[in-house]
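One chain, subunit A, links the two complexes that follow: it is found with subunit B in the first and with subunit C in the second.
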Partner chain A sequence: MAEPALAAATGLRAGVTHGRVWALGAVLAVLWVCMPALASRSIVDMLVFTALYTIAGLGVSFLLGQCGIVSLAQSVFYGIGAYSSAYCATHFGWPMPAGLLIGIGLSATIAAVVGWPVLRLSGYFLALATLALAIIAHVLFTEWDGITGGTLGVGGIPPISLFGFALNSPARFYFLVWPIAILLLWLHYNLLHSRTGFAVRAMRDAPAAARVLGVDIHALKVKVFVLSAVLGALAGSLFAHYVSFVSVDSFGVDRAINFLLLAVLGGSRTLAGPILGALFITMTPHLLGRFGDIHALLFAVLLIVSVIFLPQGFGGVAAQLWQRASGRKLEPKP
Partner chain B sequence: MNSTLLLQSALAGITNGFVYALIAIGIAVIFRGTRIINAMQGEFSLIGGMVAYLVLERLGLALPLAAVGGVFAGGILGFVIELTLVRPTRKRGGGEESYLLLTLGVAFGISAAVLFIFGRDARLLAGIGGEASALFFDAAIRIHALWLMAISSLVLLLLWLFYKRTRIGQSMLAASIQEEGALTIGINVPLMRTLTFLLGGLVGGLAGVLVSPMITIHYEMGLLLTLKGFAAAILGGLTSPFGAVVGGLTLGLVESLAVLSFASGYKDVVAMTLLIVIMILMPNGMLGRRMRKGG
Partner chain C sequence: MSALLELRGISHSFRGLQVLRNVNLRVEQGAICGLIGPNGAGKSTLFNIASGFLPADAGQVVYAGVEVTRHSVERRSYAGLVRTFQTPQVFAHLTVWENLMAGCYKLTSSGLLGNLVGTPGSRRELAAMRATAERVCREFKLDAVRDVLAGKLPGGMQRLLELARACVAAPRLLCLDEPSAGLNSEEVAQLMQALQRLQQSGMTILLVSHDMDLVAVASVIHVLCFGEIIAAGSFAEVRADARVREAYLGV
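Showing the complex of A and B:
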């Protein structure tokens, strides 16, 4: 689960020194391994979705935190990934990697072709353009029912099997999707500390200086957009194989809004941000289920509060707690 | 394609165009006065339409009273949102994306609140002249649609007079064009911003009252209205209410012609594609005079 951030929070309560935080991390890792055995099926199912949303949300978070781009288009790529996997698996009977790669390739191509002109826009205009893309995609997903099944959807998508072992239950899928999510977070962290990461940061903080130093800002933005789309498609593809049925209801504007919310609430510039954000948006409807549709209202209120008062999101709060607990300045994530 | 069908769809396009224009006028008013793109303009209309419906159906009052109630509900909402949310964000030095996330957040919040309180049902507000239609050559047009056009045109005229002739309208413009200059000559700039939101809310509420008899009141109606209105406002260059009307009519006509050529499901695809293309190719809109930022 959210190891670093939870370690921070619990570390504060236990009053441990920094040296023991690692031990605590190990405990959390053990807890993570035991979780499927301890928790109920619906909780494990929720945690699988947390990981899926972490992957897709990481893309949105990357755009928002590192490029200052508000993207409401992640549902587009999530949908493309899911439909590619669904179509290739049910229509052609191709193995899972084929659908996954086609989905990723298609998403990356569309992101590059659409992103090239659209990313010339900035600020409000870009955000509303991405929202327009989400609406266009939703209509196309509905209308092209030869491929997507329209409102009826596509069913009977086979589960992923590894070495002849079908990942057909939440607990089994849990052990596939979480390592992928953690791996991607780690890769993302490394990317930010690479040459490209520095260029991205320079572009965000001092665009004029970056341009002078030979950073092609527009090309860089397109690259980040493509990367974000790839993450969306990957999550969508995994989602399709996990739930075995996809319909257009899963790829509406509300899904795009949830991905953005995840990035803002979690904190788009913190390492654990996407996990915390994803945990929040999957857990809240689960906990508040018996009150009807109230979670949407709560999400909106939190979005407003977070924009005004918590510009760094939950991740920022967790990082502060961590610093106080360990008494050591954490190397701030760029 | 026969001429009646063409005329009929042109009339539908013009009617829709005035709907988009009304939303676009609100967006233009708020952008003009505060340089904020208001992503909750459609929600003013949702609330305006909802309040008018409640006054009419639950309180059993007359339609004109319900309409006034709806318009003021929009205005009050705009006023309150500016004071309680936009102003604190400005004090904390929020950037451009903060305002967007903020107004989007309020839009989702209002939509979610309407869903939570009133459920998923669509409600139809009674129109002016009920369901009656007038014949225009061979094509029919609802009496209500004619009123919508007349009232929109009146609003446009009043806004023009307001900005041109009244002291407060001029102060509102000054406050956004030259903030420090406006402060120096004693204009209460924060108050002008609040009044701008009030005005935008009033226009939004009116749009809701006029639109609801045609598209039904529904918790999700706001977002698409905002986007269509935004497309219209962008077409018209974003700062001018007159441009907004030209943009709205263009959008409405293009949409209705597209419906004639493609399946009706693609109507929103055409509008949204137009929005993106216009933003990229015509950063100053069709009437293009003033520069805007970010295009």
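Showing the complex of A and C:
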């Protein structure tokens, strides 16, 4: 892979030694394997949510950082994925892959049909249109109680079984959801360094010039929106089987904002951004909970401080630290 | 010689203001064709109509014998009609090298799913893209700045990069909008050499410019003034034309 290409996508500049990459990778892998044994159940539970949010947030992050599309509609596809799995499992007794595939298919179709007109908008107008989608979907999730259970929700969703082994605890689910998240990050990396990846980044920076090179930017925007929706649906489906109960509260506008927030905080142009952003939004409220009722205010202050002082997100900072450690000068990314 | 691009009876107006009046222009295959005119003459509008960014109110755009008046920018690009912009449109957050890689888009065909998984076909394609980008990077002497973000390059270099990226896209007709704006005399000389080299390689070039020195490389020059072509011919002929001297050269 061309190193400059890697650099642009990950925030890493050329020259980082392979040895250090492997060493860091090994430390993280050992830490990852040991985590369920070392940490409390509630921490592992939060790490499962971190992975779930990484998956859904990756879609938002990709749209935001690489395509220049602000999407507040991820809660819609997260919800569709979750309800499809919940309904198929509880009403029909179908196995998990059936509900998952139906959720993904539905999300992709809706994203394509809605995205085709909506993605002709840009900037704030597009952001507002996706916000409208999130609001409409939330109302529909509440009203279509025959399928979604409305405010009462759908319970009794069976856990995922792998080779007869039920993933019914945070520690077990952890070993399913994280490899999926990492696999998706790898696919994302592949995509960025391909024909399509160069095209989406070209489209973000100079749409007119991208068109001159033959890129049909509207069709490409719809494709990446569909791709992002598929990630949302996958995360939603996994979420439903993990928590075994889904209700409309999980798919509101606040969830959509959370996904966008994690993309911004994590650093939407860095590979590790979605993970770091997801860690922040799952762990920080928990840690701040120790300070009592003031925790929401503290969280808000922390958000503002992060956005002001870390405009490139945690991923950008991580990349800079990494560069400093490897003794290379980092060219600031705009 | 046959015409690669022909604009027939192009008219255009903005909010009632007639910008182009029945403009006819031929760009012969393999030639460098110049289009000059004072500010506000309608050069950019004509350029946008030729490249598909603007629909003409009347008239036809014929490219390689096919009427493309209603074809999109992308479709014209696939047919080999590639343009640059008056303000360089580089992909600012990509490196010089990545800009050139992005230029390979229409030479490749792998789909989104193949790219995601990194299929062998997708990887082969990437290797081919890299080879093309490498070659053009050398040809345009961009090696020294290949890892620099394009947005951080000085204006002249951005223009050169835009030209190089357009060349990656294997154009048959290269339309350049004010390619020498912001370049110093040395860079203009380099640009002229590059244009002649490209012409020798078989490329047809349509050049819009204010710069009379640069336009001298064109074999035919069209002079646009207040939306009408007032003269066409060789550099010497155009310079000698009384209307051109009056309208454009101010002599």
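The rule we apply is simple: the second predicted complex is superposed on the first by the 285 of 334 C-alpha atoms of A that agree within 3 Å, B and C clash if a C-alpha of one lies under 4 Å from a C-alpha of the other, contacts with A are read in each partner's own complex, and residues count from 1 in each chain.
Basically, a residue touches a chain if its C-beta (ideal position, glycine included) is under 8 Å from a C-beta of that chain, and two chains touch if they have at least 3 such contacts.
Note that the structure is predicted; figures quoted are calculated from it, not measured.
Of the two partner chains, subunit B is the only one touched by A:D293; subunit C is not.
Applying the stated contact rule after C-alpha superposition, one finds that A:T196 touches subunit C and leaves subunit B untouched.
In the superposition on chain A, no contact is made by A:A263 with either subunit B or subunit C. In the superposed pair of complexes, A:A318 makes contact with neither subunit B nor subunit C. By the touch criterion defined above, A:L185 lies against neither subunit B nor subunit C after alignment on the C-alpha atoms of chain A. Those residues of subunit C whose C-beta lies close enough to touch subunit A in the complex are 51, 53, 72-74, 77-78, 82-85, 89-95, 97-99, 101-106, 108, 110-112, 115-118, 122, 125-126, 129-130, 146-149, 151-152, 162, 165-166, 169. Contacts from subunit B toward subunit A in the complex involve residues 37, 39, 85, 88-89, 92, 94-102, 104-106, 108-113, 115-116, 223-224, 227, 230-231, 234, 263, 265-266, 268-269, 272-273, 275-276, 279-280, 293-295. Remark: subunit A residues 2, 4-5, 7-8, 14, 187, 190-191, 193-199, 201-202, 204-206, 208-216, 223, 227, 269, 331, 333-334 touch subunit C in the complex. Remark: subunit A residues 64, 68, 70, 117-118, 120-129, 131-133, 135-136, 139-140, 142-143, 253, 257, 264, 292-294, 296-297, 299-301, 303-304, 307-308, 311 touch subunit B in the complex.
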